[in-house]
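Lettered A, B, C and D in written order, each chain numbered from 1.
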Amino acid sequence: MKLAFIGLGNMGLPMVRNILRAGYAVTVYNRSPGRCDELKSERTVIAESAAIAVAGADIAITMLADDPAVESVVLGSGDAADEGGHGVIAGLNRGAVHLSMSTISPSLSRKLADAHRRAGQDYVSAPVFGRPEAAAAAKLWIVAAGSTESLARCQPLFQVLGQGAFVVGTDPWQANIVKLGGNFLIASMLEALGEAFALMKKAGVSPGQFLEVVNGSLFKSPLYENYGRIVVEEHFEPAGFQLRLGLKDARLVLGAADGLAVPMPLASLIHDHLLAALARGMGQRDWSAFTQVLAENAGLESQSP
Amino acid sequence: MKLAFIGLGNMGLPMVRNILRAGYAVTVYNRSPGRCDELKSERTVIAESAAIAVAGADIAITMLADDPAVESVVLGSGDAADEGGHGVIAGLNRGAVHLSMSTISPSLSRKLADAHRRAGQDYVSAPVFGRPEAAAAAKLWIVAAGSTESLARCQPLFQVLGQGAFVVGTDPWQANIVKLGGNFLIASMLEALGEAFALMKKAGVSPGQFLEVVNGSLFKSPLYENYGRIVVEEHFEPAGFQLRLGLKDARLVLGAADGLAVPMPLASLIHDHLLAALARGMGQRDWSAFTQVLAENAGLESQSP
Amino acid sequence: MKLAFIGLGNMGLPMVRNILRAGYAVTVYNRSPGRCDELKSERTVIAESAAIAVAGADIAITMLADDPAVESVVLGSGDAADEGGHGVIAGLNRGAVHLSMSTISPSLSRKLADAHRRAGQDYVSAPVFGRPEAAAAAKLWIVAAGSTESLARCQPLFQVLGQGAFVVGTDPWQANIVKLGGNFLIASMLEALGEAFALMKKAGVSPGQFLEVVNGSLFKSPLYENYGRIVVEEHFEPAGFQLRLGLKDARLVLGAADGLAVPMPLASLIHDHLLAALARGMGQRDWSAFTQVLAENAGLESQSP
Amino acid sequence: MKLAFIGLGNMGLPMVRNILRAGYAVTVYNRSPGRCDELKSERTVIAESAAIAVAGADIAITMLADDPAVESVVLGSGDAADEGGHGVIAGLNRGAVHLSMSTISPSLSRKLADAHRRAGQDYVSAPVFGRPEAAAAAKLWIVAAGSTESLARCQPLFQVLGQGAFVVGTDPWQANIVKLGGNFLIASMLEALGEAFALMKKAGVSPGQFLEVVNGSLFKSPLYENYGRIVVEEHFEPAGFQLRLGLKDARLVLGAADGLAVPMPLASLIHDHLLAALARGMGQRDWSAFTQVLAENAGLESQSP
């Protein structure tokens, strides 16, 4: 099986390494060429453009930062207009599969699926849950949607990259909405913890102890434990996931909800708090830092330097 | 150690049984006398009033439905004005402890602590997490606050009644605010799941599968699993915890937050949805049924009969 | 017609003066006796207690700060426990009318109506819109509810005190809910202006000019003009109506809405912003100062010293 | 002065008539050609494309439904890809002015200003407040922004079309944000009235009478009077301004606020209620119909057939 991989960021690079380790040959492309050097010593080909990278591939994987990056690389449009004709669609063979693993909007996912269909190619959407360390350890959780046949072709890759793959539908964009829904649930947990911690502080109860009580007796969840600790200790830097990116995801959730006519008042609330945090200069911190806005609205001063 | 126990409801009755099983003698009192009959065959004394029940006790435990019930039984005031002089405070010895395990407001807890102090008695607040089955299995989680000395005296009872006790402060009302904070976190989880499920339904993704993905990969929490199932299956009757009581707790959270000057917009949001559910006639269903309001606002019809 | 007037605050004092000016004799009572001195030179009797003041009166008017003050003066209960037997109900003749003009909760209004009924007295609720200057100029707007007969007896007083009286129902508490509804609409206007002004500032548009545009072309309302100016100029001191009192009214609205099962998410939003303003130390400023919280959440610094 | 006018909808048609009545010659273009027939008997030239219509004009006015329509007609891009080369920019002389009167997003306004600048043309943004009847009566309120020189050239047209023009800035997009801000204030008024009316209904107070009280004593605003009547009478059809268009404007406000990092929780709240109304099938009704969602959430049934 011939593979191409586009996007060698904090997630993409360790993913390519796992694919190489499993014995596959991979042609790679990255918009900033420097990143490719880290793979030079390994069994890879470095391509000059997305179109060249995917030429002849059975499966072309993309792992990029956001909608504009994916749109530009796949369609060759967008800001980088000079990539016209150099995109994934232009280079991919008929019958090949584009496996799109970025967290993008359902609407872009729909647009890409249409474009691939018209080009006689197939499109599978498979965003992931997990941070760079999970990518390195091949412990990602993969949420996939697409045609049964194409999903079957991608299955060996899912085993190489993650600890499990959930198939949630036959329309690729459904995987994107599940991914966004998962992020929304995490943000909701942060909002709830942030409000509860402010209440505890003003009641003279230690937020750390409150966390221990509720997670020990009720939630028993490692996610509550880990994120709860970050918020209790105001350990927002270095960021595990930057607030400005969390805000981007909040926009994608609200955009999808708007398109499907689903009021999501809690998502609106979270968006507004993320935006307030951005306005106060917290864009580079971990996204859980928006809980500071809740503390400040309760008249509490931050303990962090 | 001589014990009194007041309040033989769905929680109190199994708790008394565990205390008896541990070898303690208990004098009991219940406002509706019928409930006491269930204990007749066991080693108990049934008292005619709260004051008589607690006379001579080292520790008097109360487990009642809400603020008015507790206020009436302890102070002999409130609706049941004829209990004047027949309340816990009137009957308890100087130096004895009132162990208050009901979910009540921090402000009532404060008031009771003051009243006991004036009477030369001590007051420990120790509300619990857990439903009647957990009470029967001695698997309650106990959240306690009070003086170190009194807490030490209550410790053997905590071991008989629960699987763990968290001490969260020396002011009794702090335990009540932790309990309310825990309920708030559960309600927040329900709000988040309700919004996400509506989004998934309109995207053609099965809410059950979405739950499996996010709990399998992210939260790994039995509480998400159990409550998520109830909401997915719209299994709101019989109620594990009635919506009208969940609304009462939401009011207590907001009241406490108001008193401490902590804005809790998510708590306000939940309150408004619980209130909308009540207005639509769902007061007797499980409190997670407020997620129906979210579904209806998205134009979704309920599947439940 | 023999009159009594209780409560000589910023509103009550000018109201009594207007009543005297119209030729009525009035017996007055104020909890802080000093205030009565301001009326000494005029044709008034100063009473030692509320009960004495209202003895023999045809109509007893009360104009006090809040629920506890009214409850204490009328029932002789509450904080001032020593007023037992000295309250309005104890002193008023059978068949006389208590004209209650304070902004109180509908639930207290109901309680007072019941108590007066049991005492063979009648109760009219007639809260007002207007500040001290409007009271002095006899330009109050009066919102009244009660029995047709009692309202007819109060009508001459309404003409002396205000520029108009609206009868909104036969149950006295209905007047209180209309008054609270009016305050809620004003607060809603402030919330909307505060958000819009923050948007304009960050867009480089002068909020003052924006106000001119929208009020000149759309609203044409003196209230938008006046309050809009205060917010644009950040002229929050001296307070026309203190924020801590505005917060009290927001609580009363939410309490009434809760009791009637009416979700009011905008009222919740306003409450949370007022509470955030209080937590930041703005309790003594004009209540429109909560718009500062909105500005700060947008990363804007206050211009006021 | 040679004029072109593009967009002969419910607003554009009466505007053109007023321009003709003032003695100007106008070349018109409409995407659906039928609309032009209504002007045939008058002194107008009907053009085959936007580019032809604006050729040689001193000022080209556009009055279209939404962002995509304006983008397509001006840039010749968008859905109507075949208009490439036939757009306003392609046809307009260097030094001429495009006077854009549609309600569009600030971001599109910015994009158009840039495009015109590059083409050596000028761009004035001048959206209006007012409905078709106001357009016919030349009673529009015009909100304008642009270079001082171009605004001066447009001034005679403002006098022909409206009862007043407010200049709010030198960047054209500032006029668009003021227009959106105005619509946001109207929607906020509707949200507030909707919540208050639900409260009054459940308190047994007539919403119509409540409106009379608060507008008579507090707001004294014809807008509160007119919209208040529509909501009280549930007179949502025929729509003065369709809910689906109101929702579009709510999205534009939130989009602009997001771009400027201004949290607008009330705008989010309104958006969610408009969206719930859309999901329940009210898209074609007057936008004030979203108040029905508020009533239903309070358990109230609609009175309308």
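What we mean here is this: a contact is a pair of C-beta atoms (placed from the backbone, for glycine too) under 8 Å apart; a residue touches a chain by one contact, two chains touch by 3 or more.
Note that the structure is predicted; figures quoted are calculated from it, not measured.
Counting steps between touching chains, the shortest path from chain B to chain D takes 1. The chain pair with more C-beta contacts between its two chains, of A-C and A-D, is A-D.
Once the centre of each chain is set as its mean CA position, chain A and chain D turn out to be 38 Å apart.
Here the spacing of chain A and chain B, counted between their Cα centres, is 39 Å.
Chain centres here are Cα averages; for chain A and chain C they lie 53 Å apart.
Chain contacts: chain A has residues 257, 261-265, 269, 272, 276, 279, 297-299 touching two or more partner chains.
Touching chain C in their complex are the following residues of chain A: 265, 272, 276, 279-281, 293, 297-299. Chain contact summary for the complex, chain A toward chain D: residues 251, 257-258, 261-265, 268-269, 271-273, 275-276, 278-279.
Chain C contributes residues 106, 129, 141, 143, 164, 166, 168-169, 171, 173-174, 177-178, 181-182, 184-186, 188-189, 191-193, 195-196, 198-200, 202-206, 209-210, 212-214, 216-224, 253, 256-257, 260-267, 269, 294, 297-299 to its touches with chain D in the complex.
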